[in-house]
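Chain naming follows the written order as A, B, C, D, E and F, and within any one chain the residues start at number 1.
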Amino acid sequence: MKLAVFVSDYRVNVDTLERLNPEKLGIIFVQNGVYHATVKENGNSSSLLKKSANHYVLLDDLDTRGLGNSDVADNVKLVTYGDIVDLIFNEYDKTAWL
Amino acid sequence: MKLAVFVSDYRVNVDTLERLNPEKLGIIFVQNGVYHATVKENGNSSSLLKKSANHYVLLDDLDTRGLGNSDVADNVKLVTYGDIVDLIFNEYDKTAWL
Amino acid sequence: MATTKLGFIVQRPPYKSENPKLALTHAIASQSVEVYLNDGDIVTADIAFVGDGVLNCKKDQKAMDLYKLTSTETHVKMALLLDLNVLVCKEDLDRFGLTENDIVLNAEEFGAEMTVKVVPFAEITKMMEGVNHLLFF
Amino acid sequence: MATTKLGFIVQRPPYKSENPKLALTHAIASQSVEVYLNDGDIVTADIAFVGDGVLNCKKDQKAMDLYKLTSTETHVKMALLLDLNVLVCKEDLDRFGLTENDIVLNAEEFGAEMTVKVVPFAEITKMMEGVNHLLFF
Amino acid sequence: MGKFTIGCFSSLVGSMSLDFAVKLAGTALEKGHKVDLWVSGNATMLSLKGQRAFKDYSHLEKPLQELMQKGLTVTACEACAEARGYHKEHTIEGFKRHSMDWYLASAFDADRVLHIGGE
Amino acid sequence: MGKFTIGCFSSLVGSMSLDFAVKLAGTALEKGHKVDLWVSGNATMLSLKGQRAFKDYSHLEKPLQELMQKGLTVTACEACAEARGYHKEHTIEGFKRHSMDWYLASAFDADRVLHIGGE
C-alpha cells in the first residue's frame, strides 16, 4: 500500500510508525509535528527524518510557530494545504493520523 | 520543599520529573500513570520506579484497568483517595501534576 | 453490491482518552450502516490492538463499579457479539508480559461466537494492506 | 497584608494544547485578583518555561494571520506588560539550539519595562522553592 | 475529482485539529472534491451554535458556514453530542446529527478517508 | 482541617481527569477540609446542564450537586465557557462563573493547591 502518515505531535506517544513498512511511505508533519522537521536537540535531528520515506512539512504550521523555511531539514519538502490534498489523492491511497 | 508529583499518563511527554530534586519527593501514580507501578516492558520496570522517592499508586485506578495488587511493584504503596488527601495535607507542602 | 473494508487500529491505552472506546463503538456501527446504503452494499470493520493499545484488552476492568463508566472490556465483548474481527498483537502482549489468560478472549456469556485472535504483527499488516481505508485511534 | 506567591511552570509546546496559553492568561489574572481580596493582600505569579515549553517563546509566530488566533508570543508580551516575572530555561534553549535572538525578550512596542530572563534551571528551582504553590502546565 | 471523508475526534479548543480539518476540507472543496466532515467525541463541540468569537480561542462557526454553502457536508455524532449536553436546538443550522454509522456510510464510497483521532 | 483548591483544565469526556478531581474533592470534603474546585479550558464542560447520562460517558452532574450541598464551591472560567458556547442560562444551578482571577484568589488563602493541567 501507499500510506501517508500524519504526525501532529512533537513527542509521539505511539511506536506504530517504527513498525509500518508499506511499499510507499509519506510522512507529513503538521501541527506540532513540524518541530520534527526543524528542531535539533543537542545537535541531533529527529529520528523520524531517518526513516526511509518522503517527508513533507506544512508551511502554515511552521509559520504559526515562528519557524521559517531556513529551519527546515534538507530532506523535507514544504507543502501547502493544497499540496496535502493532492498528495492524499494522487500519491497515496491510504492515510494514518498518529 | 516537599513535593508530591502526580503522574497520570503512561507515556510521559515531559522530562520535568528527571530534573526535580526536592528535599522530599512523592510520586503518586493515578489514571494511566498506574501502569508505571505494574507493567514491565520486556521485563524492565518503569524508570520512574528507580527515582529516589516515595511511590504511591491509586487503588481505584488499578482496579478500573483490570490490574490487581499482585501486579504492583514492591516499592509502591497502594493508596485510596482518602490517603491521597492525607498525603497532600500531611506529608507534602506542594503538588505538581505532570 | 459492493463491500468496503475498514481497518480500525487502536494504539493507545484506555481511559486517559476517549479514543479506544470510540474506535470500538464506531467499528460496531458497521453492523447498522445498511440503513444508509443500497441493498447488498456493506461495510466491514476489523479492529486491531497494537502497541499500548493491547492494554485495552485486559480482563476484569472495574470501570463501572468505580467510575460508573462502561469498561473497554465490555466494548470488546460487544464487538465480538456483533461478529467483528478483533485482532490483538502478540508481540505487544509479550512485551508487556501478558498472556491469553490476562485478556478478554470471548464473550460467551452474551452468546458470542467470535473470539479475539492473538496474532503476530505481520497478520495485522496483512489486514491493513487488505482494507480500503485505515482509521488510527 | 499578606502575599501569596504562585509559580506557573510551562512544560509543553504551544498550540497542540490550550495549556501554555491558559498558563499565561491565568498568571496575568494575578493583576486583577485584588477585587476578591482584602486591602493590601496580593497574589504574585512567576512564569517559567522549561523543557519543550521554551518553544512557546519563539519570535515571529503567525497564528493570527494563519489561524486568527492570538499567538503565545503575544501572551508572553502581555505578561511582560503587566510586570510579571518571566523565566526561560537556558539549558533547554541550548538543547534546541535557540539563542536570545530567537525568542521574545521584551514588549517595548507596548511600553513594557519588564524583560524575559534567560536563566539556568537552578534559578527556576529557586523560584519553585520560594513560591507558596506550584501550577504545572 | 473524488470523494474525501474526513473524521475528526480530537477537539479541544486549542488542539487545533479542528482548525486543520476545516482548512483541509475547504481546500479539497476548492479543488472540486466532494467532502464529508464527521465530528465525534469532543470534536462535536464544533456543532454548538453561539460560541463567542474571542481571539484567544479557535472559532470556526463562520468559516464552516461558508464551506457548507460551498457544498461541505458536516455531521456530528448524535450520542457524543447529547452526552455533552449539546442538544438539537443548540446546533448550528445546516450541521447534521446522526449516529456513528453515518461516518461508515460516508467512508463506503469515499476515495480517501482521513481519520484524525490521536490524543 | 485546611483549605484545598483544586484546578482542573484538562477535560475531555474520557480523560477522566474531572472524574478524578470530583472524587478527590468529595473525599477532602468528607475529611472536613474546605474545597474550592476551579474548571477552566475544556474542563468548563463540567458546568453545562442537561448532559445525558449514558453509561459510555463520564457523567458528573449528580455527584457534583451532592457535593455542592455538602459545601463544595465550584466555579468555571467565564471566558473559557463563553468561547465554547456555554452561556449563563446553560449552567448547572449553583455552579459559579467568574474570570480567571477567582482561581488565584482561591489559591491566596489555600493550604494546598492541586492544579490538574497536563495534556
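Throughout what follows, contacts are C-beta pairs under 8 Å (C-beta built on N, C-alpha and C of every residue); 3 or more make two chains touch, one makes a residue touch a chain.
Not measured: the values here are computed from a predicted model.
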item: Joint neighbours of chain E and chain C, given as chain labels; value: A, F
item: Smallest number of contact steps required from chain C to reach chain D; value: 2
item: Set of chains adjacent to chain A and to chain D; value: B, E
item: Far-end chain from chain B, centres as C-alpha averages; value: E
item: Farthest-lying chain, centroid of Cα atoms versus that of chain C; value: D
item: D-E or B-C - the one linked by more C-beta pairs in contact; value: B-C
item: Intercentroid distance (Cα basis), chain F paired with chain B, Å; value: 23
item: Euclidean distance of C-alpha centroids - chain C vs chain F, Å; value: 33
item: Distance from the mean Cα position of chain E to that of chain B, given in whole angstrom; value: 38
item: Chain B and chain D: spacing of chain centres that average the CA atoms, whole Å; value: 28
item: Multi-chain contact sites of chain F, meaning residues that touch two or more partners; value: 12-16, 41-42, 56-57, 59, 80, 112-113, 115, 117-119
item: Residue numbers of chain D (touch at least two other chains); value: 15-19, 25, 52, 67, 133-134, 136
item: Interface hub residues of chain A, defined as touching at least two other chains; value: 8-9, 11, 13, 31, 60, 95, 97-98
item: Touching chain combinations (by label order); value: A-B, A-C, A-D, A-E, B-C, B-D, B-F, C-E, C-F, D-E, D-F, E-F
item: Chain A-touching residues of chain C, taken from the complex the two chains share; value: 9, 11-12, 50-52, 121, 125, 128-129, 133-134, 136
item: Complex interface listing, chain B residues touching chain D; value: 1, 3, 13-16, 19-21, 94-98
item: Of all residues in chain A, those that touch chain E in their complex; value: 6, 8-9, 30-31, 60, 81-82, 84-86, 88-89, 93, 95, 97-98
item: Of all residues in chain C, those that touch chain B in their complex; value: 13-16, 52, 55, 58-63, 65-67, 71, 73, 95-97
item: Chain E partner contacts - residues on chain C that touch it in the complex; value: 2, 4, 6, 17-19, 22-23, 25-26, 28-30, 32-33, 35-37, 41, 43, 45, 132-137
